[in-house]
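Attaching a single structure in structure tokens format; questions to follow.
Chains here go by letter, A, B and C, matching the order in which they are written, and residues are numbered from 1 within each.
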Amino acid sequence: MKTDSFRLRRVFAITSVAFLFTLAISPAKNYFREYRSIQEQFRKLGASRAHSLKDAKTYQNRPVAISQIWLRDFGNRVDRCTTCHQGVADPAMANAPEPHRLHPWTAHTPGDSDRMGCTSCHSGEGLATVRGDAHGTTADSSSPLTPLANIEAGCGRCHTSEAVPQAALLSRGRALITKAGCYACHSVRGHEQFRSEAPPLNSVAVKTGGEWVRQWLKNPRAMDPNSSMPNFQLDTQQIEELTHYLFSRPVNPELAAKVAAASQEAPGDAVSGKKIFSESRCITCHTVEGKGNGSAPELSKVASMASRGWLLAFIRDPHAFSPETRMPRYHFSDSESRDLVAYFETELKDFDAPEGILDPLHVNQTLAEKGAKAFRGLGCFACHDPAQGTIKEKFGPDLNGLGDKRAASLDFGRRTDLARTLPAWTAAKLMDPRSFSAGLKMPNYGFKNEDVQAIVTALLSLGSKPVPEAYHPVSHGTSAPIPGGAIGQLVQQYRCLSCHQIGTQGGDISTAPLTFEGSKVKRDWLVNYLMLSFTIRPILEERMPIFRIPKDEAEKLADAIESFYVNPAIPEDPFAGRPASDQNASEGQRLYVANGCRACHIIGPSGGYYGPPLTDTSTRLKPGWVFKWLKDPQAWRADVRCPNYGLTDTDALRITAYLETLRAPGAQKSSGGKG
Amino acid sequence: MNIPSLDSLGRWFRGTSVYRSIVRHGVAETSRNRSLIVFENLFLHVHPVKVREKALRFKHTYWLGGITMVCVIVLVASGVPLMFYYHPSVPQAYQDMKELKYVVDNGVFLRNLHRWGAHLMVFGAFLHMLRVFYHGAYQPPRQFNWVVGVVLLVLTLFLSYTGYLLPWDQLAFWGVSVGTNMAREAPVIGDKLRFFLLGGNAVSENALLRFYVLHCVLLPVVLFLFLGVHIWRIRKDGGVKGPSEEAPDAFHEEEP
Amino acid sequence: MSALPPLTAVESNDPVETPRRVALLRPDLRPSVRRSSEKFVMAYPHLIIREVILFQIVVIFLAILALVFNAPLEGIANPVETPNPAKAPWYFLGLQELLHYYPPIVAGVLIPGLVVVALAVIPYARINLSAGPLWEGKDEKRTTQILAVAASALVLFFAGFQCWAAAVPTAAVAGAMYLARGGSTGGTWRQAMARLSLPQWIMTWFVILAAALTIIGTFFRGPGWSFIWPWTHMVQS
């Protein structure tokens, strides 16, 4: 009894000590949390970098505490990133080691840090005070940090569906998405109205031959490197079925008649056609053997791609064949277009093409019916037959909210080689969409590596929750409407928007947005330019094509631009009623030279080639615009290279006055003979 | 100055009128005082003054009921602090789980303790039931206590299940969705029962609130009522009963 | 201050030695006194200290568990994103496993209801109170017949629904019951088995079944409730 009791007491003593010890472990762990030592490091680092004893004391006396940014507007969230990243807003911490480093300057840092916090741009778990959780490196984390390579995805959370000048990768990604036509199959907020440029397939039978279609379906890029059609990796059977189906589709009788009539015409003069081809600057959009802009088909084999009659009819009225094409309608005469096609047939032809590549196909109905099924099953209709695509459901999965998908919810299928992260998954989907499992339908776009990074960035910007109203970017009054009526028809006919931007719409081939063109150039100059456009910026390869616009149309367009596309902020007359000569133009000339404008601009015989020549400024540009430009060149387009010299009003006016005195040598009237 | 020994200090303390007003018995050196310790203490007086020595052996009960009871104490002790940090609302409930990890001192420890304690309680209660069955400890006069035990097992499962929803994560949501979908299959009352449990037709914020109240108030109160009866009954039915084959050897009859 | 005078404690419970109770008996009854040779000990400290030690050990065990393993926490509840498979807590996975084979009314209502009722009535069933070892003093042939019929009916019931997780243990337990026949002369295991009464056999069968179903439901079920190996998870993540 005694010994038993003694043994029991000994056990009791041991368990009591163990009990107290185990219960003390958690508080101890709590005390040695990682952020405490990081804050300790920061205090030491700050003190060592401080310039005064007082500053050093301030660093040393910082309390150890969790610090957080309260984001009222974002659903009452908090970001505790600054608990460890204490130096993000501390200029003394420039170039300090992480996590103490100062945040690099951006348009929103440090200005908007308190308003936006950290996670609204960078993602990550704002609540976390533990590294792995905060950065989302732990498995199945709800919100991992956006990788540095795709960091601009954060910009796109607020700047939805628009180009962001300071986020080049994001903007490029978005442009690539539009160009590749992703929105045809995938729905993304803000792109519901997307229409593919792909031609409606209602005149295949009169355009080309069965063999050509087979080769095209096998690999479109092999036939035309500029093609935006992806490779559907079809097998021979599918190719055969689809080809028969395409030739079985009824041909629009109007188009058939046009092509038939054109094919009866006598051949033109190839030499003259070659001249017209280069004069019209077709390679501003097309390429010939790779030379040219590349936003429109490669033409070096065009005569082996479509029949003569179709080419003629198409050049005369491209919009009848392909309503969404970016190609403008030129004012070629009947004989001019014949000459162009004659040139195509003598020089721009695939001399290695098999015999009869353009021979029509004898349709096999069984194959055609199977092909019709394949056409639907493969999603061809999404681009080529938007009318059939009016079904509410898009062909592919909805991409909204993709950027907030948890990696755990993604289907990696066979791809065991990938990192289990959303960016890696998205990139692999873009590089090789069918590698995940059998039966996937997304075709191969053949994106290059850097394109994939850009598109991943753009896709990661598609958040699941819309940002609060107050964080929607302020658009800079750039929503300029396209006028309707006769003017609208002209804008359509010449496809101004294929190259120029108007407001947020339009292409990026031209460097001159038309949004405020009316405030920029003088009407008479504009009329002449439209009728016979010439090179404004010598360094650019893409030049405005010559559409052969008749004078009355050019005047209508110029008048419309003068009345629609003006900016009220640009004064009509910056000199306030006084003649330009009242300003000190010679001082302006001195400033022009002193600021080094000559490095980029030509006046008279000398100057650089980067900017437009300024010799005929007074005939081309309105002084009000010149003045405003000089004050802040980047106000018009963020990517303008012209430096902002921070000129005063007086100096800017003086340079404006100097430029206003310049006259093109041919148009010299009463100039002071300067420049 | 004389430093008083620990022993004399203890004696002095036990002699003070304050101590004597709280503890009426003397030092546990005599059997009388040892008895007094048990029956003068609210928390100990469910014990008899004397117990069979056999009942103290490990193989007698494997201490399974005791383990389950300790779990109850641990769960209350960790659950009450957790209640200070918890809001039964969507999505705050989930945020609170994160806050426990990121901000609350020892928050993770408390949550882990509560979670594993709950699992151990279910497991312990089940093993306890098996032990009682195989030892035949449900036989008269312990029939009713067995039934109370079954009720306690069901209550334990309900407690664990209602607590399962509270973190409001995917695991909780779908675990409870699957479970309540089974309840729906009950004839006639199935749908109504599920609606009553969830406060709606699906697992939602209403369900979270109901489960919270059940988990923190209603079920614990009921559990403690039955637990009181259960423990009281152990004593009234003659203490814990071990392996049944011991009984015939332990007694022998004798003429007076 | 004086301590209370100590009482001479009576350490014996022997009713013959120290009679403490007076009982009145009818003359036609033969009074007898049960003498217990059992040793009794004071609850304090012998029981109380053991309870405190138990408390400390369990708390230490749980605290170490809590320090080493974190309670799971997945993403925030999302009614749209159904995990595959969606699993109930582990103690209900046996039922969920049954749900895979049987209509919900059977697996979700009937079986759990029956189990609870069966557990509750255990102490009131005559067989539970009076049953001796299964094969002791019975017509072995008849018992074998009953056993064969009952076991094959149950196995068929499970096998008919392809519920092998229940059918195989049922068959195994029935086999063990048959093997226990005349086992009192066998080895330790057979002796132990021979001692089991019918209720104990049934309980054993229930426990094995519940454990098998729960283990399969917990570790061997993957997307679409398909059978997977437990280590398949590890390869995936």
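The criterion applied here is as follows: a contact is a pair of C-beta atoms (placed from the backbone, for glycine too) under 8 Å apart; a residue touches a chain by one contact, two chains touch by 3 or more.
Remember, it's a predicted structure, so these values are computed and weren't measured experimentally.
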item: Higher-contact pair (C-beta pairs counted), A-B versus A-C; value: A-C
item: Chain whose Cα centroid lies nearest the overall Cα centroid; value: A
item: Between chain B and chain C, centroid-to-centroid distance (C-alpha), Å; value: 19
item: Approximate Å spacing (C-alpha centroids) for the pair chain A, chain B; value: 64
item: CA centroid of chain A to CA centroid of chain C, Å; value: 68
item: Residue numbers of chain C (touch at least two other chains); value: 45-46, 50, 59, 63, 66-67, 74-76, 81
item: Interface hub residues of chain B, defined as touching at least two other chains; value: 101, 109
item: Overlap residues in chain A, where contacts from two or more other chains coincide; value: 26, 29
item: Residues on chain B engaged by chain A in the complex (per definition of touch); value: 95, 98-99, 101-103, 105-106, 109
item: Residues of chain C defined as touching chain B within the complex; value: 1, 3-4, 6-7, 9, 11, 13, 16, 31-48, 50-51, 54-55, 58-59, 62-63, 65-67, 69-79, 81-83, 86-92, 95-96, 99, 103-105, 107-109, 116, 119-120, 122-124, 128-129, 200, 203, 207
item: Residue ranges of chain A in contact with chain C within the complex; value: 5, 8-9, 11-12, 15-16, 18-19, 22-23, 25-26, 29, 139-140, 142, 406, 408-409, 420
item: Chain C residues touching chain A - in the complex, by the definition given at the top; value: 45-46, 49-50, 52-53, 56-57, 59-60, 63-64, 66-67, 74-76, 81, 237
item: Touching residues (chain side chain A, partner chain B) in the complex; value: 26-27, 29-30, 66, 80, 125, 127-130, 133
